[in-house]
Structure formats: structure tokens, C-alpha cells
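Next come two complexes built around chain A: one with chain B, the other with chain C.
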Partner chain A sequence: MNKFLSLLDKEFKLTIRNYYLFIVLAIALILILVIRFVVPSEINMEKSLYLYPNKEAVKTLEDTNYQNLENKSTVFSSKEEVIKAMEKDYNSLGLILKSNNGEAGFELITQGYENDDIINMAIVDIQSYLGRIEFDDSSQVTILREGSSLENIPLNLNVVPLAIMLESALMGLFLISVMLILEKDHKTIKAFVTTPTNVTLLLGAKLITMLLYSFLSAILIVVFTVGVNVNWVNTLILIGLTSIWSSCLGLTIANLYKSLTSAMMPLIIVSLLLGAPVVSYFAPMFAPTYLKIMPTYSLMLGLKEALFVSGSNTMFLEAAKFSIFLVIIFSASTIMTKKFATGKQ
Partner chain B sequence: MKRIISIFKRDVVVATRDFVLLYIIVAPILLALLLSVFAPDVADSSAIFVYDESLKETEINKLEEIGHVIKLNDKDEIITRVNDSDDVYGLIKNKDNYEIILEGNEAGNIEGLMKLVVSYLNSDKDNWLIYKISSIDFKLPPVVSIGTTSLIITSIILGGMIIGLNIVEDKEFSTINALNTSPLGKIEYILGKSVLGIILPIIHTPIVLKIMGLEGLKLTQLGFIVLVSSLFTIFYGLMIGTISSNQLSAIASAKGMMFVLAGSILGAIALKESLHYLLYWSPLYWIYQAIYKIVAGISTWRYLWISSGAIILITMILFGVLNKYQKKYNTL
Partner chain C sequence: MINVNNLFHSYTKDDNYAVKDVSFNVKKGEIFGFLGPSGAGKSTTQNILIGLLKLQKGKVIVADKEIRRFGKELFNTIGVSFEQPNVYKKLTGIENLKFHASMYSVPTKNPEELLTMVGLEDSINKRAEGYSKGMLQRLVFARSMINDPSIWFLDEPTSGLDPTTAAKIKEIIKQKRSEGTTIFMTTHNMQIADDLCDRIAFITDGQISAIDSPRNLKLKYGQKLVKVTQRTESGIVEKRFSIIDNKEKQQLKKIIDDNNFETMHSQEATLEEIFIKVTGRRLE
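And then the complex of A and B:
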């Protein structure tokens, strides 16, 4: 235990000497400032609607919800202007109201990339506004998890789970590899092997160092953005488990390579793959299996639940189970590859 | 020139060890392959409805027109599926009344959307207003145009990182001190170090376009903007190499800068055009916009000249600041 504590002390001093504590604090501060002051609290991701209303057609739509549709749109005085506006905004649709023998009709102008489902849903929406689909409010609505609504979470706070996942939880992936490779380069590890302490303890000390930095970074970001009323137990468990497995993964990669530049590409590719589920975070209906099997998929949803939904543990349990499994797998891989760290091939 | 080439050759020889050069060339190509698989799925995504036998065929056909449908055996299976981590919406019929089943944590006003869907199922299309669908023929989904642009920019930034790490490696092993005793000038050294970082995006760009199936683009314009962007690549690499004394701090400074750079790209994507003036300070904003417009097929030479001018002007100012820093702290 004493050996381990002295290794831990050495690792901390090394990180402080290399300004790592400063870097963690600086990046946490940057993220806090960006989340609080740069990312807007609301952003309208719905398609913009550019409208050219024919006056005669509008007269026939007086008893409908047309006015609400017009209020949501940007109105132009010709079809050409609508098209010109659409060419500058790839997330827009055009609506040209026409009059056919005293009855209204319309032309929906799409960008061209939309699939049929999206176009048909837009037609349904427009027909509803123009009074041809009667709104039916009589359906029974069953909400399976009351109180789990995230509708009122501002957008800037909604990105906090991603920030703490990508920065705090996964920081070990890169940084621990850099630290290990630097020690290999400076032959510190080879010198270390001649001491009574074993390499496994050294790697363990590095893991714990990364773990504590992950906690520090996450706590700062959460406290200064979301506040203190979160499920801290679940949040820290998820961050801790992720820090351990990502650090083990980083160590495994670093053990296999001789230099930082050669390890850099695998690390970047792994980081990008782990970051891929972020797409599903912003587009929840897009969740193919190859994204769902990524550990970061359940992690980001587990963090979102821990920060914003009280009384619910479903996603946390899923993420925690997956993370424990990965801790076992990657700890084993680290131990198996540790001999490479000492230069024994 | 010979000295610049010999620095470049040395970097290539070092990079071929441990397959580094191979990784550097392959990584963005691998990412392009992944994106080309991924992008059609994103473009094809729409609402997913789960139902059981209580819905009639006519209702199911109508649902298929506005989304993907999954048939399950009973309400319990629907509840299990809706409770899954993604967003799917359950719809069943109890006698003559519809029941909408939602998890509760869906994004947006899904309850309102589902009531509209139910209203649609009850509607008679013969009463609908006559309509026509046309398009402005912009067939490139945003995930492809934005994704391809991001990949090209990744290659540009990767080039900069390689330059920076190479410089830091020379600092750590005192190679720079040894080189200072040679006739090699500082500018020659920087240019020699930069060649590999500049060549990479030029190699990657046509390969990425080919993988993404983007043909008929204005390659002259793209080549021009990638070449102009190499000024930023050199600055980024030099910044990392100048302010970092070791590889750990090089990674950290690259990471810190990445937030700033990524922010300007995300702003270009998410903000309305009227607010883009907030991003004019960032060379990466201009690089992104120029490449995006070329990929989307809406670029003009006028815009390219303006964006190139902005990239060059801002980057030269940044070089000036970096030069003052380097002179003050003698870090290179």
C-alpha cells in the first residue's frame, strides 16, 4: 500500500509539473464559459418555412388555422423569392399557396434530399393547418415514465452530458497514453523495472490519477452549469467507470506503440468512433445497432438521466453494466500488454 | 530549397517507422468510408411507429407513408420497445379509440405530433386540398455535405497536428539546438516541417470526395481553398510546436485550440446567417464555409476570393502574435 501511495504521489507531482492540472482546469473553464455564454438556450432545428400566399387563396382559408401557419413562416412576395431564400437555407421548405377555380391549393417546394416520409409528413401538417385534417384530441396518451420529460431542459445545459463524457470521462484515453509513452521515451519505465515495485502498480497509480482528474473536471463543469441538484452518485459512478476503462484502453494502445506519433492515429480513430453516438443524442430516432453497441451511447444517455431526471435509474444501470464489463476487458488487455511498456517484446 | 526538402525527407523517413505515415494517410480515408456507410442511414431516418394487430391495414399503410413501422405482438411488447433507449412511438387501438404510448423523455412536442398522426389516420384524403410537390434539386443531404466538409477540415487540422508534434519532438530531443548550429534558417526549418502537413489534405481531398460519391465538383476551386488553408495548417502546427515544451503539453494545447476551432464550425452550422459575423474572427469558419459551398455546389469565385482573403489576413495576424511570443520566450 505504501508503494502504491508513493507512486500515486509521484504521478500527481508529474502531472502538476507538466501543467496538467492547469490544463484540466483551463479546459473545464472554457467548457463552462462556452456552455453558459456561447451555446444558446434554445435553437430552432425545425425546418424553416418560406411562404408565398396567393391573396385569393388566403380569402378561402379564413376559417382555418392558416394565420398560425403564416405566423410561423417567412412571407415573400413571389415564388422566385421563396426559391432564392431556400437556396441559402438547406433546412427549409417552400410553400406556394395557389387558387384553383376559387379553391385553395398549394405547391410544396422541397430541397431535394428529403425522403418521402418527411415530405408526406409535411403535407399532412400543411393540410391540417389549412383545415383539411380535423385535429383529433381524443386519443388516450400513456406516458411510461412520468417526470422524465426533458422538454424544458435548455439546449446549452443539454450538451453538458456530452461535455463531461467527451472531456472528463474520456480524458484518460489520450493523456494516459501520452504520459506512458513519454516515460518510455525517457527510459523511466526501464529504470523503474529495476525497483522492487511492479509495473502493474505503476499503471494502477496512473489510472487513479486520471480518475481523480476526471472527477475534478466533471464536478467543476456540472456545478457551474447545471448546479448541485443532480444525482451525484450515479454521475460519479458512470464517470469513474468510464475513466477507468478508457484509461485502460489508452494504456493498451500506448503499450503497443513506441512513439507518440505512431500511437496518435489509433487514439484519434478510437476517439472519433467513441464520439459517433453523439449523432443519436441530437437525433434520437436515429439509433442503429452499430451506434447502440458503442459504450458511449448508453453512457451519454445514463449521464443525461443522472443530471436531469430524478427517480429514474434505467439508463444508469444499462450504462453501468456495460462500463463494468469494459473495465474487466480493458484491465485484462492492459495487464496482458504491460510487458511492452518495459520494452520486453 | 535543398535544406527544406531534406527536412521534409527526414520527417517522411521518421514517419515511415512504426507505420506512422501509413496511419496518417489512412485515417481520414477510413473515416470517409465509415461516413459513406453511415450517411445514407441518417438521411433515411424518420419517425418510427410501433403497433400491434389492433390497427387496420389502411391505417398501417397511412403510417408507412410518414415513417417506418414495426409490428409487435401485443401492448406489452410495444411498451418494452418504447422503453428502449431510442425514440419510437407506440400506437394501438382500443375499440374505437387510439392509444398513444410514449416513454416521456422524447425530444420535442411528440404528444402533439402523435395526435396529428392520429388525426391523419382519421382523415379522408378526398377532402384534401390539391397539391403539387417540386424541388430546387439540392439532392445532397446535410449529413453528406457537412460530413464531407468536416472530413476535409479534419485532414487540414491533422496536418497541423503532425507539424506541431514533429517540432515538439525535435525540441524534446534537442534536435533543434543541433540544427541551430547548421546553416538551416528558422523559416527553412518551419517550411521543411510543414511540407508533410500541407501535402496530406491535398492527397486526402480527392480520395474523400470519391468515397463519398461526390462527382462534378469544382475541383479547381477546392484545390485553391485547400492550398490557401495550408497557411492555417502551418500556423496551427507552429502554434503547437512553439507554446509546447513537451508532447503532453502539445496534446493539451491542440485540445484546447480544438474547442475554439470546433466552436466556430458548429456555429457556422447551427447559427442563422445573420449571426455569422460573430465567427468572422476564426480562419476555420472561412475555411469551413468555402469548402462547404463548393461541396454543396453553391460556391462562387467571388466568395472564394473573399474567404481566402479573410483566411490569409487573420492567419498572418495570428503569425505575428505567435512570432512576438516566440521572440519573447525564445521557445523555438
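And then the complex of A and C:
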């Protein structure tokens, strides 16, 4: 135990004197500032509607919701004025109401960048105001996965699970690789292996150091963005497991390479792969299997559950199981490759 | 304390041996020098003895126990001083030694006393990144004594040191020998080998060419010479005469009979000359 405490003491002294702690705190501070002050809590997706209502057409719409449509539109007195206003406002649509043989018709004017889905949704929306589509109480919405909706979470806070997961994973991956490669480069590990202490203990101390830094960073980010009312146990379990498997992965990579330069390419590739599921996080409809099998996918969703207390543990349990599996796999790979680090052949 | 028999090692795991059929033994309390140029197989042999390289072929006994049977406890009994300054540069001298001491399972020496012993008492609390090359070398040397080893491996212990500090280090090594420490020293510095070693082995291309005490090697391979200085019309002239060659012996006798000399000294060959003679190689 004393040996391990000495190793931890050494790792803390080295990481503090090499400014690693400063880097961790600086990144946490930047993320807090970005989440609090740069990313908006919501993005206004609504477009302005510029309307020219033909009087003859309006007369035929007395029994419809047309008035509500007019209330949320800006009304102009000609089609030309509508177009002129649209040219000044890129986030707008134009609607020209027309009379066709005593019935109301319409012409939708778009900016040109809208895809078919948006145009079709706008047409359905307009038609509902014009009494062409009726909604009644028999219509029902069923949610398949409770808690996976981003709707009720402010946009900036939605970034928090992503930020703490990636910082924990990438910090584990990169910093621990640098720590081990420097030991090899300075040949201090060669001096260490001529002591009666096992190298596994040295790697363990590095791993625990990274774990504590991950906790520190995650706690700071969560407290200063989401607040204290989160499921801390689940959050710290996931952050801890992420830190451990990513550190083991970092150690495995560092074990295989002699210099930081040669290890950099595999580290960058692994980082990009780990970051790829971010796409699915923000666009849940796009979740192909090759993104879902990335450990970071379930971790982000698990952390979202833990941070925003949805009452569901489904994703947390999935992420925790996956992470435990990875901890076992990567610790085994670290132990198997550690002989390269010590120079034993 | 150390017995090596028919040791072979190949990094490529084929017949391309870095160490080939090496055999020697080191007795308790002896300083054994392993001399050879770079790439001769010195470090490979030492790395096998200290357990950094796996034994492939041959038999190695360290501290009366076969190296294959040794676990980590071997490192409680040995100390290793590396040629490279492999210390934590961000830690101070005392922090480096205290950390290293805490890795052992046996009583350790007082780090401050060791640093004072090697002349680093004024830099105890200075980070190693601010040390000169010689200071780093002394820190590594002090670290290797932290567990008071009974078998001490030294790799170029005076490399990069000024003559005064080198003399201090040599005194420490001699003192350790007198206390019964067995010392295995790899070097290509013939002077330190001559000054310190009880026995030396010459190694080139992974093979040992000769093992004996420096004195015996000189007697065996060196010529017995007498150096004579004479005053002539053109100034002082220095000549060497073999006392084995009959013709030269007669010439020397005549000089003595005629009292035609200013000084006369017996002279032995240097270890370096003997190394070249035995191995056909220079040490650089």
C-alpha cells in the first residue's frame, strides 16, 4: 500500500509540475464558459411567414382557422412586396392566397435552400389552417423510448454529457499515453523495473491519477452548468468507467510505441472513432450499427439520463455494462503489452 | 555471487548472437570489470544479469540462485547505476531518492546521506532538470546505493565526471568493496578498470577474449620493458629495451656498464595496449 501511495504521490507531483492539472482545469473552464455563454439554450427554428391574402379568397375561409394563420404572419398588399421582404429575410417563407373559381388556393414561395421535407410540412401546416386537414382526439402520439427526446433539455445543457464524456475519454487516452511514453523516453521506467515493485502498480497509479482528474473535471463542469441536482452516483460511475477503459486503451497504445511521434497517429484515429457517435447524439434518427457499437454512444446517452434525471436507467445500465466489458478487455491488453514498455524481450 | 555459464542471447531469435558462449564468475567482495567497445555485448550481458532481458540459453546464477527462479525479490539485493541520467527531471534530488527508496521491501539508506556522499548536498532540494550532466550522473549513482545492495551493477560510473568527482566516486566504490559488496562494472574506460577492478574480462563481438586480473593480463600479454633516457649531442633521447629479447638485453647491459644514461625505469604495457593486442580492436 505504501508503495502505491508513493507512486501516486510521484504521479501527482509530475502531473502538476508538467502542467497537466492546469490543462485539465483550463479545458473544464473553457467548456463551462462555452456551455454557459456561447451555446444558446434554444435555437429559434421558426420561420417568418410573409402573407399576401387575396380578399376574394379570404371570404371563402370564414369557417376555418385562417385568422390564426394571419395573426402569426406579416401581411403585405401585393406579391411583389412579399418577395421584396423575403429577399431581406433569408429565414422566411412567402404565402400568396389566391381565389380559384370561388375556392381558396395558395402559392408557397420558398428561399430555395429548403428540402422537400420542410416544403411538404409547410404545405400540410398551411392546409390545416385553411380547413383542408382536420385533426381530432382520435389522433395519438406514442413515445417508444422515454427520455431520449432532447425537447425538454436546453440546447446548451445537452452538450454537457458530450463534454464530460469526451474530456474523460480523451484525457485518459492522450494524457496517460504521454505520461508512459515520457517514462520510456527518459528511461525512468528502466530504473523502475530494477526495483522489486511490479510495473502493474506503476500503471495503476497513472490510471488512478487520470481517474481523479476526470472526476475533478466532470464535477466542475456539471456543477457550473447543470447544477447539483443530478444523479451523482450514476454520473460518477460512468465517468469513472470511461476514464479507466480509455486510460487502459491509452496505455496499450503507449506500450506499443517508443516515441510520442509514432504513437500520435493511432491516438488521433482512436479519438476520431470515439468522437464519431456525437452525430447520432444530436441527430438520433441517424444511429447506424457502426456508431452504436462505439462505447461513447451508449455512454453519452447514459450520462444524459444520469444528468437530467429522466427516471429511466435503461441507457445507464447499457453504458455501464459496455464499459465494464471494455475495462476488462483493455486492462488485459495493457498487461499483455506492458513488457514492451519495460524493454523486456 | 555471480556465475555465468555458456550464455547466449540473440535479439533476432536466430543464430545472430549479441552474446555468444560467455562464461565467467564474480566472487563475493570482488570488483569485476567488463570491458569492451560499444556493441560488444556488455549491456546485453548486464541486462540479463539484472533481469531486464529474459535468459534464452545458458545458466546464470546471481546471489547463489538461478536467475530463472528469481522473482521481484532479486531487486532487493541488487543495485543498478545506469550510464543514462534516467531520473525524474521534475522531481528534486531528494524526491527522486525518496521515491526510489519507497519501492524497496528492505531497509534503505538515508537519501540525504547518500546525496552528501556524492557531493550533491547543496542541490538536495533542486529539481533534477537544473542539474548538470555530472550532477545527474552522481544522482543516478547515489540512487543505485539506496537499498544498500550486496551486488552492485555499475555502467560507466565515472562517465562525464571531472577528475576530482571521479576520484570521489572511485573511493566510494573501493569502500563498498571493502564492506563486502560484489561489484560488476561495465566500462570502456581502461584507466578506471585498471584502478578499481580485481579482475577484468575483455569482450568483443559478444565473446570474451580474456579474463584475469589487470596485473596478470599485463604480465601475460605485455612486454617487459625498460625505459632509458640518455643525453646526446642532439638532446635527451628516450629508448625502450625488452628484457626478454637477448639482443636488446645486451644493448641495455652495455648502457648500464658504460653508465651512459640519465634515468632508467621498468615499464609495463597499459591495459589499452593489451586489449588491442588480445582482441585486435580499439575500445572506441
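We adopt the following convention: the second predicted complex is superposed on the first by the 240 of 345 C-alpha atoms of A that agree within 3 Å, B and C clash if a C-alpha of one lies under 4 Å from a C-alpha of the other, contacts with A are read in each partner's own complex, and residues count from 1 in each chain.
As a working rule, a residue touches a chain if its C-beta (ideal position, glycine included) is under 8 Å from a C-beta of that chain, and two chains touch if they have at least 3 such contacts.
All figures in this text were calculated on a predicted structure; none of them were measured in a lab.
Engineer: In the overlaid three-chain picture, which partner chain does A:P196 touch, first (chain B) or second (chain C), both, or neither?
Structural biologist: Second partner only.
Engineer: So, A:I83: does it touch chain B (first), chain C (second), both, or neither?
Structural biologist: first
Engineer: Which partner, chain B or chain C, touches the larger number of chain A residues?
Structural biologist: Of chain B and chain C, the partner in contact with more residues of chain A is B.
Engineer: Touch check for A:K187: first (chain B), second (chain C), both, or neither?
Structural biologist: It touches chain C, and chain B stays clear.
Engineer: Could you say whether A:N18 touches chain B, chain C, both of them, or neither, answering first, second, both or neither?
Structural biologist: A:N18 sits against chain B and chain C alike.
Engineer: So in the superposed three-chain picture, is A:K3 touching just chain B, just chain C, both, or none of them (first/second/both/neither)?
Structural biologist: second
Engineer: So in the superposed three-chain picture, is A:V327 touching just chain B, just chain C, both, or none of them (first/second/both/neither)?
Structural biologist: neither
Engineer: Per the contact definition in the header, classify A:E103: touching chain B only (first), chain C only (second), both, or neither.
Structural biologist: first
Engineer: Between chain B and chain C, which residues of chain A are contacted by each of them?
Structural biologist: Correct list for chain A: 18.
Engineer: Touching residues of chain C toward chain A in the complex: what are they?
Structural biologist: Residues of chain C touching chain A: 11, 50-54, 72-76, 78, 80, 82, 84, 86-91, 95, 99-100, 102-105, 127, 140, 143.
Engineer: Using the touch definition up top, name the residues of chain A that touch chain B in the complex.
Structural biologist: 18-20, 23, 26-27, 30-31, 34, 38, 43, 83, 86-91, 94, 100, 103-113, 115-121, 123-128, 130, 132-151, 174-175, 178-179, 181-182, 185, 257-262, 264-266, 268-269, 272-273, 276, 279-280, 283-288, 292, 297-298, 301, 309, 314-315, 318
Engineer: What part of chain B is in contact with chain A in the complex they form?
Structural biologist: Residues 15, 17-20, 23-24, 26-27, 30-31, 34, 38, 41-48, 65-68, 79, 82-83, 85-88, 90, 94, 97-109, 111, 114-120, 122-123, 127-142, 145, 158, 161-162, 165-166, 169, 172, 246-249, 251-252, 255-256, 259-260, 263, 270, 273, 296, 298.
Engineer: Using the touch definition up top, name the residues of chain A that touch chain C in the complex.
Structural biologist: Of all residues in chain A, those touching chain C are 2-3, 6, 9-10, 13-14, 17-18, 186-188, 190-198, 342-345.
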